[in-house]
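Below you'll find the structure I mean.
Naming follows writing order (A, B and C), and every chain is counted from residue 1.
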């Protein structure tokens, strides 16, 4: 057998050589010669930065059912305007913005999870109700997407979840309950009245507003007395018994943080029952919200010393070109003056755009870092996203309701207080 | 091991299926299946009262809420552990069941239904008004999954936690129904007038049924609190009490696992249908109407009757073939 | 105690109670006669509000719209009875309740489809816009109108039930259905007409309410509780009792708002539970 093996070995070797040479000849590199080539390239466009996805999805949560459905619509209006504007100008670094709308009243935790796990959104914006904001905020680490709240006002969102618990993915573009409680006290302190009554919703927002208002006012005007308080529950249809109970006191002025459709009913019933003869001044912290302004229209009641109203943003302030352009475009598209949560949502999306343009990545924590400390020009003015609690800091004024013949009342005697005076500051004790 | 009982077999099969879910790794499926298990327990507890004992209650959410809030309060204020909180939550239903049960079960069925509604709403009002303890309409947040005894923070962990309780309770409740105690409960539901002739007090039977039902409902509530991390008063509102009722009806009240089938259907409807059909509640309402008028057995009934029909038809066919073969 | 303030709260309580009455009278009537607890009752109340809105936008007349919407709601109620509820008279009460619950869901959603999800509101007609003043507080003519209307409804219903021929038939069926049939009274006609009347009254209530408070989806869920509380405290099936109880609850919760503002809601439910425990058939019930 040895010979056969030996022959086989030789045959293999020869075969290998033949195959190798043939292959080597077939695949040989071309003649190696000396070639020198030079090319001049002129760079006229900057280095192309692109996001990893061609479509950026933003989940939008708002109240879309029940008596407060108007607010979900406001949020939608602002979101759509921002998205359409951005897409018309080429998107964010070339990527399209797509919005997914969900009703936060249909079990907000489920909706949030569906947005992230099923719809695969990259961000969530919106949320009207403070309770819902706390719920979604509570699970934000699991969801792992940046959240920009554009309406819900509880200070606990930023003070507790962001500052104390370090949930860095939560942001808020709208001014919180500081505006309802603390800023209102700044208006109240200059009014020549001593006895205040309050009617507020019996839940976190109402309680906190009244609490902050009374504490702040007492500090600036120790002579002030609070002679009555009523706590209608959320969703009250009829304020008459509460109103009459307050009218039985010797209060001179009324403070209320009641908002939306309830506020419309409250104001109507106040007028009906003669409340405006008794109370010389009325402070309505969300009284200049557009749904209320349009609903009451020319019948919006004015008190002797003024009905002072505010909101999270007012279309007539500040008188900057940016704001004017925004309001005009909004009116052209939707036929009405901008509601505040439309502006705050519009801003939220632009905030995300700015952050994305800086990070060029969809990584949640880089985006959060980019948003932190951001200073951005928006219709409501310059917003500074405070790094400690991710709360947007900007000015919102109070004004006195006046009627100048338009379909909605206007605000005059605007009082804008610097934000640092009415915002609470870390460490929030 | 041959399991002769179809229900036990189904439960075991279901558990096996459920064990597969976390393997998919899809967070949403894990989430929705966890919710399914919790709702199933709630509906099963409800059917014990409704289908077996014949007691219609509109306040069942009170047990769910009591279990949830007790667990929340315990883990937030006393001992930061979900398992301990769960145990306390379940036990908290005992005084509620005894007190409410004693007060309400003496009345006839219609009044009982309305009384449970009143008591259920009383609990709701308490939860809303007692802000210093319950957080009012904002509720309590931050219920921990990571505790001193156990840590179930990962989705797989809490899923298995819920699954364990689901299987144990479902089997346990079934054994209860099959036992002598359960026999009395079924007797109560079948023909209450005859019951005293057996020497048993209907009130006593109703009471312990109410107790067992309440314990199970509170268990589902406690699991819910831990799972969600948040509790709010709307889990005590009467419309939430109506949910296990609808689930039971959908699935079939006369079958032990009917409520489970109903819970599944309900979740599928609310998740999938709600996304495509804005007016899914309309469909639900129509479904309820249709079921009451035509299909009182619910889906379970339809499945069972289909099964029998198929079996009979194929039996007939097989016998015909065999007859030809002259075997 | 400030007498003026008390008077004001009392009158407000009466006006609220009148609304509860309009809501509860239909429920009581329907239960008394047919033994069906109509879960959809509040949905029909709200329907009245929506229909009022629509009729008003077509006719511009408050009173005409009021009449039309009440009748229309009544017809809807009667329709539901004929098509659906009739089928379940022989079933256990549980299934009857469930059916009406299903109907409530359907009606609620239909309202959303037909009128959208934003609340609707009407203004009080000009000729009712004034008020009378007492103790510095105004009581609007509208509130007084409601109190008066509520009372008129009470008188009318009482009169119809106790003095008319139809009422006689209703009472006969109420007492003993089989005997009534033997006496050639058609129970079906009685049932349907009772449903019509009961639902129409609810529709009237809703139509009046829309001028005071916006009517929107979800309102029915909220109101049904009050209807049940009234009916439950009274005892099912007693008209006089229902009127008194409705007013009582209205006044008590109004006074509670003034004197004990933190617990007003709790008080109503507690009273309900208490009454039921002591006298499960209700304060005026017949059992």
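Everything below uses one rule, namely that a contact is a pair of C-beta atoms (placed from the backbone, for glycine too) under 8 Å apart; a residue touches a chain by one contact, two chains touch by 3 or more.
This one's a predicted model, so the numbers in the text were calculated from it and none came from an experiment.
For the pairs A-B and B-C, the count of C-beta pairs in contact is higher at B-C. Taking the CA centroid of chain A as reference, the farthest chain centroid is that of C. One inter-chain figure worth recording: chain A and chain C are separated by 42 Å, centre to centre, where each centre is the mean of the chain's CA atoms.
Centroids built from CA atoms put chain B at 39 Å from chain A.
One simple way to say how far apart two chains are is to compare their mean CA positions; for chain B and chain C this gives 34 Å.
Contact of a single residue of chain B with at least two other chains is seen at positions 128-129.
Shared contact sites, meaning residues of chain A that touch two or more other chains, fall at 233.
The set of chain C residues touching two or more other chains comprises 262, 265. Here chain B touches chain C in the complex through residues 50, 54, 56, 103, 106-107, 109-111, 113-115, 117-119, 121-122, 125-126, 128-129, 238-239, 242, 245, 249, 279, 281-282, 284-289, 292-293, 296, going by the rule given at the top. Contact residues of chain B toward chain A in the complex are 26-28, 31, 35, 128-129, 131, 136-139, 141-142, 228-230, 232, 271, 274-275.
Here chain C touches chain B in the complex through residues 37, 84, 87-88, 91, 93-95, 97-99, 101-106, 108-110, 112-113, 221, 225, 228-229, 232, 262-263, 265-266, 269-270, 272-273, 276-277, 280-281, going by the rule given at the top. Across the complex, chain C meets chain A through its residues 2, 4-5, 8-9, 12-13, 15-16, 117-119, 121, 131, 133, 135-140, 142-143, 209, 212-214, 216-219, 222, 253-254, 257-258, 261-262, 265.
Across the complex, chain A meets chain B through its residues 106, 109-110, 113-114, 117-118, 130-131, 134-135, 138-139, 154, 202-204, 207, 233-234.
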